[in-house]
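What follows is chain A paired twice: with chain B in the first complex and chain C in the second.
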Partner chain A sequence: MTGRNTKTLWLALAVAVALLWTFLPMYWVVKYAFMTKTEIARFPPMLYPPDPMLASFFNIFGFDYTTAEGTVFKASGQARQIILGLRNSLIVALVVTAITTLVVVPLSYVFARLQFPFKGKLLAAILLSVSLPPVSTLIPFYTLYVQLGLTGTLFGLIVVTLTITIPIVAWMLIGFFRNLPPVELLARVDGFSRLYTLTRIIVPMARSGIMVAAVIAFLFSWNEYVYAQILVTGSNAVTLPAAMSGFLFQVPEPAQLAASLLLSLLPPFCIAFFLQKHIAEMHIA
Partner chain B sequence: MARIDLHNIVKTYGSHHAVENLDMTIEDGELLVLLGPSGCGKSTTMNMIAGLTEPTSGKILFDGADVTSHSPHQRNIAMVFQSSLLYPHLSARDNIYMSLKRSGLSKQEINARIAHAAETVDVTRLLDKMPSQLSGGERQRVATAKAIVREPAGFLLDEPLSALDASLRLSLRAELVNLQKRIRTTMIFVTHDQVEAMTMGDRIGVMRKGRLEQIGTPTDIYNRPATLFVAGFVGVPPMNFLKGALEKADGRLWLTNPSLKMEIKGEFANAAPQKEVILGIRPHLMRLTEAGASALPLTVYAIEQLGNEAIVICDGPDGGKIRVVAPAGFTAPVGARLDATFDSAAARLYDPASERVLAVTGKA
Partner chain C sequence: MADTARSAPSPPPRTAEISTLSFALIISVPVLIFLLVVVAYPLAYAFYLSFHEIRFFGGYSATWNGLANYSKVFSDQSFWSSLGRTLRFTVETVILTLAVGLGLALILKHLPAKWRWLRALIILPWAVSPYGAGIFFTYLGRGQTGIGTAVAGWFGSDHTVNLISARFVVEYLAVGAAWNMAPLVAFFLLANMLTTPARLYDLAKIDQMSRLETFWHVTLPPLRFTLFVFSCITTVLAMKTFDYIFTATQGGPGGASAVLTYTLYKISFVNLDLGYGAAMSFFLLAVILGATGLLYLLWGRKEERQ
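After this line comes the complex of A and B, so read on.
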């Protein structure tokens, strides 16, 4: 065997390990979603669903499911929470994405392209809030929210989620804006105002970066669990991750938990799929 | 088209003096090259002429009117930036169109102007391409079209060719000069490349550390450099320098140093004697000769064959390198002893303290 072939072999092996590492746990969840409780409890574990069925997906939306043989799978007790959670998660994620993008585009532009006093210190402040673990602000937020009556509200959750998304997305976009060519010079010679330059030249130029930033904001909001668990669990403002965690405190329903997990994976998966091109562009820039 | 006057322009950034007390006039329709090493203030000067940077003090006049506080657009200047910057997300046509978007011209007039500008620099067939699809030379042409479409008062170029490869640079240089002569726009070209400056400029302004060292025609700058810096910066191979003393004897002026005693003739014959001077002589004006009293003893260090001539690089008597142009094919072993001579009337004398050429009063 030549040296080159050995190298290819090792590379293939490394890729295989990486794929297995990433996809095996996901596969396990996918598998559960299509199995019955008894099948899941079997030892040694079954490598694939012997008789794939969709019962869990009906159950989590509050429907009973009857198989051809007449077995009935009862609707999940968590169904109301799941449906609410799905709706709330979407609302929160969309609102957070919109606000984050609107705030962060001008903010990052200013930090990336203009000079002003205390810029370095303000930038360090943004960086600091990125590195702050959410848990550290959890208790202060909670006491504040209790006093303000904001616990269990979508508004409160949106505000808190923005404190996570704005710094991290700004941090990303600042780097992206820095790498754009200095077209402001061209724009000044062409007689355009600063606002026109930002909205009509920079934004279209940076649209792939901005789109990726919006996606990141959406995903952070969609995946946010810690604040939701403390601030909105059990209320009408519950989000999907918090609603799913409800499965952990009841009679175990691993198939339903897996089905709702798959449900929560769906939007991020679709987004990643449709935005591949832009994400790739972002890495080049 | 406009005549551009700079009056006592100063630009400081904090305690750093980017440009100091600059006075300069660029005649209507002239191609002026600003030449200097990086950080000499040439780009800052151009940005102030453009209106992109405001001078700390001083005045800028276009055709006699004070435009110091005017925006680039109000001054009606056009500019080509480094690497021929274009809007990356717009086609060549839209890039050119952006120059006229704020002009208030009719759609028809705009289209006619774009077509004319594109034709002038031969980019008509590129108009629908994106900048990323253009080669370096094509980008440069589109950037030029974007500039001339405005029919500007002044056309400013900031090292537009520096990112291109050598052969392309050569042809674009000629293209730009040809264009400038055809449209007769006042053009200012910034570069650190002295060959570019010599070949393109009607006049060259040599800058160093924020000061204008000398301004004049390429011939003037080459033959009569006003300062040691200009003498050393312009010309390939660079000028040779020899240290010595100026002494009067027998009513004549002599340059003496431990290895040379040479009568100074020509324009410096009446210079005042002084202890230390630096004599500058172009390598082309030196000849290799037999050893003699007025010859300079040299040791061969390396020989560069250029095909039409050879450049003999030698260690001079006072440690510095001396270059002598010899006929093509000239060879000598490294370390060989040679002698060189030159006509002192062709040499320039500089004061090492002020770094300026010696003052001469009266005629030789």
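After this line comes the complex of A and C, so read on.
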């Protein structure tokens, strides 16, 4: 009995360490969202907001905030960028997710299950594009976009984001499709066409894998910063991370940075919650 | 294949069957053309730039200078030191990510049913963007705002404890990168662990294996392929990473965390030396491909054979 108790104790300790590891870095910045500038600048740093308030959340959306004592916290000059960024990030992420899923599911099926000439070389090209660092592809894209007038447009950003999501999602899904039971021959014997086999048999079987792929595409697109910073900052097509960077670099505003960062974390957190339920069902990699 | 054209009276016409090749082509050609454009275009353009000297002052000009950019890379001290930082950051990140991922997976596996909801919390850092992780770790580590100074304050000290020091900044950044990546590794490992039959653990008990032996001989073997795949993924991501380091330290303090991607950014976007930046970026690409190739040769081949 005591052996079991010590085991529980060790487990509880391990869980506590894991939770501290998980939340400390986030908490350390997110707490700024509820603090004033003077509280943030206090030395040594404060562990928690002494008098939590929501002013920053109003400010980043362009509203002044008056406390009960009559102190006024002015609306942020970046509010327009933040609102635009929120809208644009959503549009880009949803469009990218839809296109990526539609394109990648058949593609990875073909690569995982069928034999055809040049397959190895084509696969190598996909893997190569996963390895390309964005810093080195930025210049070519930038010059091309300047010539085509695509800088500062959502369309341009969507295209460039697809270049990130398609290869990496394909990479993950190919492994997943490979592990499905071989049902094509059976379907063939039953006289199903290839397209029918894919849409009515394989896709339903692979549902959890496809959902995970869609979610990963959404995350990569929502979190993309490098291209957005160069291609759309300051324009009407600005995305949330690029809009937020104004609080980090130009005039540091930790409270408003933390508030908008917290906001930007909500969709990924909902998705991660959904994802952890599904990963257990797909044994890929 | 041509059975639809056979003699009447035929059964209701089946969908005409196409060959494997044409089916594969129809599905993949549009995507492959897109990928060709997005892979080949930047590569070709960077290749062109790398043989030229690009000037912006006094009007744009591109002057052919052969292999000069490439040979300059070899004699550039900042290239070698950046490469060193990239390798150091990558090795540390990969080891930490796999170790933390394995640790988290073991904890999650042993959670009793009523604590299962904790799984949903442990995965959260993975959903944070590298950009966001950079912001978290810059405030957490900096002397003025960081946890180090706060902890020193508890013990009555008014010293500033800066975790982002020139000496250990790369290690600190590797911890942050592992924080960001490890939960995903943990979940894939967990999915693998749950497929290991409980029978094997009973057998290990009968054989009176110690806890360490059980871990080594029962738990670990089915995980090795997943660990290999994630060591590759983490290697590529760590070598490519830019936004995380850009928001966390801006290459500082004093260039101590200027990894190769950051140096490339400075050459191309601050100094606007596009030709030289393009040439150096091919070295980075070679390092990424070389590292994953080496991992495959040393480790992956062995795992695949089993």
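Before moving on, here are some points about what is shown:
The rule we apply is simple: the second predicted complex is superposed on the first by the 258 of 285 C-alpha atoms of A that agree within 3 Å, B and C clash if a C-alpha of one lies under 4 Å from a C-alpha of the other, contacts with A are read in each partner's own complex, and residues count from 1 in each chain.
We take it that a contact is a pair of C-beta atoms (placed from the backbone, for glycine too) under 8 Å apart; a residue touches a chain by one contact, two chains touch by 3 or more.
This is a predicted model, so every value here is computed, not measured.
Of the two partner chains, neither chain B nor chain C is touched by A:178. Once the two complexes are laid over each other on the shared chain, residue contacts for A:139 go to chain C alone; chain B is not touched. Of the two partner chains placed around the shared chain by superposition, neither chain B nor chain C is touched by A:74. In the superposition on chain A, contact is made by A:205 with chain B only, not with chain C.
In the superposition on chain A, A:163 makes contact with chain C only, not with chain B. Number of chain A residues touched is higher for C, counting chain B against chain C. Of the two partner chains placed by the overlay, chain B and chain C both lie in contact with A:191. Shared interface residues of chain A (contacting chain B in one complex, chain C in the other): 191.
Contacts from chain A toward chain C in the complex involve residues 11, 14-15, 18-19, 21-26, 28-29, 32, 40, 43-45, 47, 103-104, 106-107, 109-111, 114-117, 122, 125-126, 128-141, 143-144, 162-163, 166-167, 175, 191, 193-196, 219, 222-226, 229-230, 241, 245, 248, 254, 257, 261, 264-265, 268-269, 271-273, 275-276, 279-285.
On the chain C side of its complex with chain A, the touching residues are 14-18, 20-21, 23-25, 27-28, 30-32, 34-36, 38-39, 41-43, 45-46, 49, 100, 103-104, 107, 110-111, 115, 118-133, 135-137, 139-140, 144-147, 149-150, 152-153, 158, 176, 179, 183, 187-188, 190-192, 194-195, 225-226, 229-230, 236, 239-240, 242-243, 247, 261, 264-265, 268-269, 274, 277-278, 281-282, 284-285, 288-289, 292. For chain B in complex with chain A, the touching residues are 50-52, 71-73, 77-79, 81, 85-89, 98-99, 101-102.
By the touch criterion given at the top, residues 181-183, 185-186, 188-192, 201, 204-205 of chain A touch chain B in their complex.
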